[in-house]
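You will see chain A twice below: alongside chain B first, and alongside chain C after that.
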Partner chain A sequence: MGVNVRMVRLAVLIIWAVFCITPIFWIFSTAFKPNEEATKFPPTLIPKKPTLENFEYILSDPILFRSLLNSVFVSISAAILCIIISSLAGYAFSRYEFRGKKFLMGLMLGSFLIPPVVNIIPLYVEFFKLFGTTDSLLELVIVYQLLILPLNVFLFKNYFDTVPAELEESALVDGCSRLQAFYKITLPLSKPAIAAASIFAFRFAWDEFIFALTFISSPDNNVFAAAVYNFVGLYQVQYGYLAAAMVILCIPPVIILTLFQKHIITGLKMGGLKG
Partner chain B sequence: MARLNESITPYLLLLPSFFVLFGLMIVPMIWNVYIALHDVSITNIAKSWKFAGLSNFRYLVNDEWFWNSLLVSAKFVGACVAGQFLIGFSLAYLLSKERWSNLFRPVFILPWFMSIIVTGYSWEMLFHTRLGFINNYLLHFRIPWLEDPDIAIWSVAIANVWWGTAFTMLFMETSLTSINPEILDAAEVDGATGLKKLRYVIIPLIKPFIAVNLILITMWTVNLFDLILVMTGGGPLYSTRTTSLYMYQQAFNFGEISLGSAVGIVLLALNLVLAYAYLRASR
Partner chain C sequence: MAGVKLVGVSKRFGKFTAVKNINIHVRDREFLVMLGPSGCGKTTILRIIAGLEKPSTGQVYIGDEIVADADRDYHLPPKDRDVAMVFQSYALYPHMNVYQNIAFPLQLRKVPKEEIDRVVKDVADLLGIRDILHKKPSELSGGQRQRVALGRAIVRQPRVFLMDEPLSNLDAKLRIKMRMELRKLQKELGITTIYVTHDQMEAMTMGDRIVVMNNGKIQQIGEPGEIYRKPVNTFVAGFIGSPPMNLIDATVTEDGALDTGEFRLKIPEIADVVGDYVGEDVVLGVRPEDVFRDENGIEFRVEAVEPFGNIKVAYLRRGDLSLTAQLPEVYEGENLKVSFRTDKIHVFDKKTGKAIM
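What follows is the complex of A and B.
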C-alpha cells in the first residue's frame, strides 16, 4: 500500500518535471539545428548535425548585437541606481523613528502591489512631455526603478534590521557622523543584501520588454528582448535564429541563478512581504 | 543643532525613493484620469488636447470588442488561477511528503526563472501546428493550438501555468511548514488520514495563506499581457485579446491613447480592489 502511494506520487512529480523541462529542452535543441533541419517535417528531437550557425547569425547582426550591449548597459545601470536609492531608504526605515514612517512604509508596500504596466500609457505620455522623446536608454533606466525599488527597499530594511546598531553607535562615539557610520560600518556588513538586491534588479531589467518595446523607437537604442520581438515581426520566424536568441537571453539569468543560488534564497526571505 | 539634523535625515534618505514612487506611480495615476477625459491620440500628443468629457468611456461601453476582452480576461484569469493554484498546491503537498523533494524543487522552479519572452516563444514553437513538439511527439494528429479562435486562449493559459505555478508552489510549501506538526499528529490519532486530514485539518489552518496567494496571482494574471502579445498578438480574431492587451493595443497599435487610458482606469480600479483585499487578508 505505502509503496503504491509513493509510486503514484513519484509518477506525478516526474510528469511535472518533464513538463517543466520540455519547452527549455526544445529551444536548446532547435537553437543548434541548421535551418533546413529546423523547418523540416517531421522535426527531429535532437539535432542531427549540431551547428553554431544560428548563434553566429544573431551575433553578427549589427542591430541585434548592438541591442545586446544596450541590454547589458541598461541592466547594470538600473541595478546600480536601484542599489543606491533603495539602500538609503531601507536604512531610514530600519534605523530611524520619524513622523509618518508607518504611512510611508504602507505607501511603499502598496505600490509594490500595483503592477506598473497598468500605468504604462500615462508614463509614456509623461516622459514624452518631459523629455520630448521616449526613445532613450536613460529613460528606461529610470522607469525600471519603479519595477524593482519597493522589493529592494524592504530587502535592505529587513537586512539592516539584523545588523546590530551597537556597531554604528561605537563608530558614532569615535566621531563618525551617522551617514559615515552607515557606509563605513553597516554597508560593508551587508554584502549579501547588496548581492541579492543587484541580482533582482539586474534580472528585472534584463527580462523586461514591454516598456522597452513601447518607449524605444530607434533600432540603435533597443534592448535585446524587444529587438528580438521586432526581428521576429520583420523577417517571419526562422525558428533556428529565434531559438538561438532565446538561448542567449537565458544565459545571464541561468549563470546568476547557479552562481548565486544562496544569495537569491536569502534575498527572497528578506524581501518577503514582511514590511 | 545635531538634533535638528537628525530629524530631517530620514526624510532626506527617503527622498530619492519617494521621488521615484511619486513621479512614476502617483503622478501617472492622476495623469491617466486627465488623459482619459481628453482627446489624446498619437498624432496630437505634442499639441494641446481637447476636453472630451466622458466620451471615451461612452465609446468603451458601446464597443463590443471591449466587452469581448472582458470575457477573454475572465476565461484567461479563471483558467490560469485555477491551474496555478490547484497544481501548485498539489505539488507543494506532494513535495512535503516526498523524500526526494530537493531533487524535484529546482526543476519545478526553473520555468519561473525564464523571462516572459522566452516563455512565449518556446511555447509558440511547442504549439506550432506542423513543426511543433506537441503535435509531433505527444499527439499523432494536428491540433491548431494557436490558430483556432476557440482553442488559442487556453493554449496561452497553459504556457502561463507553466511559467507561474512555481510561485504558488513555493508559497504553499512555506505555509504548509507553518503548521505545527503536533496538530497533525493529534489529527492522525483521532483517525483523520490522507485526504480527510487535508480537507479538515490542513486547508482550514492555512486558509489565510491561500487567500493571499489567490489574490496575488489573480492580480498578476489580470494585468499580464506581454505573454499574450508574444504568443498571439491578441489573435486569431481577437480571441486572446484580454482587457489589459486591449488597453495596450488601443494606445500603442491604434494610437488611441485616451481610449487606452480609459481602459487603464477600469483596470486600476480592479487592482485597487484586489490590493485592498490583499492588505486585509495578509493581516
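What follows is the complex of A and C.
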C-alpha cells in the first residue's frame, strides 16, 4: 500500500472518529458545567468550573429518581420476558417442522421492517381498549416485546441451529422430557445468544423514548428517558441537567457491554448477525 | 434385562422410505450387530427403538412391553423406555464435566446423591476414567470421550444398549482394543445390545448375530460364521469378507458347467443344482482364500500383488476377467495356474441375486 493511500485512509478515519466522538465528548463536558456556563456563547470545550451539581440535582429529585428506578424495572423485566419468549420461539423455529413455518418466520422478520412509529397509535388504541389505561409500566414491558421479539427470535433460531440436535436426543434417551432437554442442555449451551439477546432487549427498553412518552401519563410511572424530556421546556432548554441525564443513561449499557463483550460477539456471530 | 422385537417396521420420510418391513427379534442378553453401507437404514432402526423416531408402520417391543405401535399411533417417549444410547459423536454435554455427564441420567431419576456418587465412581473404575472425572469433554482425547459416553450409558443399567458406530471416530489401534473391551463389558453386564456399524470386522468379531442391511431392507440375519460361509445373495457375498468375494458372471451350459467366457467350470456339486438354469445367467462366487495354485488349473497373469505379511493378495487377469486371490507366494508379472476349492464355491441367480448354492 502506498504512503499516500495510507495517509488518506488515516485522515478519513480521524475525521470520522472526530465526527463520532465530538457529540459524546460534548455531552460529557456539558454534564460537568454549571447551568450558566452550559448555555454560554461562545461555548467552552472543557468546563472552566467542573461541578457535580447537575448529577446531584437529578439524583436528588424524587420524581427523576423514581423514573430511573422505573427504567431499571422496565428494562430488566422486558429483557427477561423477551428471553423467555424468544428462546422458546426460536427453539420451535429451529427444531420443529410445522406447516407455515417459513411464512411465519418471514412475517415476523417482515414486521421488523415496519418503523415502530407507525405502530404507536394502533398499539395505544388496542392497549387502551384491552386494559382501560396505558399508564402502566407492565404494559410498557409488553409493548416493548412486540418490537424486540422478531430480532431476538431470529437470533435464537440461528444460534440453536448450531447446537447439535444429538445432544438433545442423548438427553431424551437419558431421561429428559423435551422441555428438560431444552433448559438443561440447549439453554446452558446458548449463553452467548442469551447474552446478546438480553443486551438487545435491555438496551432497547432502556433508551426507548417515543412509546414511553405516548403511553405513560403520570409522573410516578414515567421512565427516565422520557422524564428527562421535561428539561426541554417551551422557552428554555436546561442543557446541564439534560447532559448529565444522558451520561447517566449511557452508564448501564456501557458497563454491560464491557462485561459481556466476548459472549455478545460470539452470540451475534453464531446467531448469523454481524457484530 | 429384555429382548427387543420389531414387527413389520417401516419408516418413511416424506416420499423416501428409509426402512422397509423390518422383522427382527433380538434375544435377551444378545449382542446383535446391524451391518450395512451408509444410508442403508440401520441408524434409523436404532433411533426407532430408542424412540427418537416414530415408525410409519409396525410395532416395537422391549421385553414384553410394546413401546411403539404405528397402527394405534402409540409412542412411548424415549425417557420411559429405559434404553441407553451411545452416539457416533458421543454427544457428551459440553458444559458438564465427566462426573456430571455420567451422573446426569441418575440425577434425572432422582437417585439419592450418595448413591449417585458411589455408582459413578464404580463405573469410572470399571472404565479406567477415575482420574478424569473433573475434566470437561473438550479436554479429553477421542478414546476418553468414548469411555465417558459408555459410562453414561452403563451407569443406570438399562434394559437395552443402543450403539451407533461408537468406535468409528477412534484410531485403528484403539478401535481394535475397544472392540474387545466392549464385547467383554457387554458379557459381564449381560445387557441386550444392538450395535450399528458399517465396519464388517467389527461386526464379525463382536456380534453374536449379524443383521446385514441394504437399501432399507434386511438382507440376512445370522451368526458371523454362517453369514460368511453361506451368504444368501450377491450383496451379502460382496459386502462381507476382505478382500471381497470374486463375483464372476457366467452362463449355465447344457452339460451343467459354468461358462464365464474365459474358462469353463464343470463340477458335479454345481451340475446337481443348476439344472433349472440351463442357458441362463448366473454369478459365480469364489472367496480369494479359496483360490489356490494348481498345475491342472486355469492360467492367469498376475497384474499386481499386495503383501500383507504372511499372505499376499494377488490381482489376476485372464482376458476381460479379473480375479482376486490370497496366495502364500506370488510375484507380479508371472503367469500361474489356479483352481477353486469346489466345496466353497457359491452360485447366485444373476437376475435376483439370490444364492442357488
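The definition used in the following text is that the second predicted complex is superposed on the first by the 260 of 275 C-alpha atoms of A that agree within 3 Å, B and C clash if a C-alpha of one lies under 4 Å from a C-alpha of the other, contacts with A are read in each partner's own complex, and residues count from 1 in each chain.
The rule we apply is simple: a residue touches a chain if its C-beta (ideal position, glycine included) is under 8 Å from a C-beta of that chain, and two chains touch if they have at least 3 such contacts.
As the structure is a computational prediction, the values presented were derived from the model and not from experiment.
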Chain C versus chain B on the shared chain A, clash or fit after superposition: fit
Superposed arrangement, angle subtended at the Cα centre of chain A by chain B and chain C, nearest 10 degrees: 100
Which of chain B and chain C A:Ile63 touches, first, second, both or neither: neither
Contacts of A:Gln180 with chain B and chain C, given as first, second, both or neither: second
Chain B versus chain C as contact partner of A:Val72, first or second or both or neither: neither
Which of chain B and chain C A:Pro253 touches, first, second, both or neither: first
Touched partner set for A:Pro164, first chain B, second chain C, both or neither: second
First (chain B), second (chain C), both or neither touched by A:Ala195: neither
Chain A residues touched by each partner, larger count belonging to chain B or chain C: B
Least C-alpha distance (whole Å) that remains between chain C and chain B when both complexes are overlaid: 5
Shared contact residues on chain A - chain B and chain C: none
Chain A-facing residues of chain C, complex: 50-52, 77-79, 81, 83-85, 87, 89, 91, 93-95, 104-105, 108-109, 152, 162
Complex interface listing, chain B residues touching chain A: 6-7, 9-11, 13-14, 16-18, 20-21, 23-25, 27-29, 31-32, 35, 40, 45-46, 87, 90-91, 94-95, 97-98, 100, 104, 107-108, 110-111, 113-119, 121-123, 125-126, 128, 130-133, 136-137, 162, 219-220, 223, 225-226, 229-230, 244, 247-248, 251-252, 257, 260-261, 264, 267-268, 271-272, 274-275, 278-279, 282
Chain B-touching residues of chain A, taken from the complex the two chains share: 9-10, 12-13, 16-17, 19-24, 26-27, 30, 38-39, 41-43, 45, 84-86, 88-89, 91-93, 96, 98, 101, 104, 107-108, 110-111, 113-126, 128, 142-143, 145-146, 149-150, 153, 178-179, 206-207, 209-210, 214, 225, 228-229, 232, 239, 242-243, 246, 249-250, 253-254, 257, 273
Chain A residues touching chain C - in the complex, by the definition given at the top: 164, 166-167, 169-177, 180, 185, 188-189
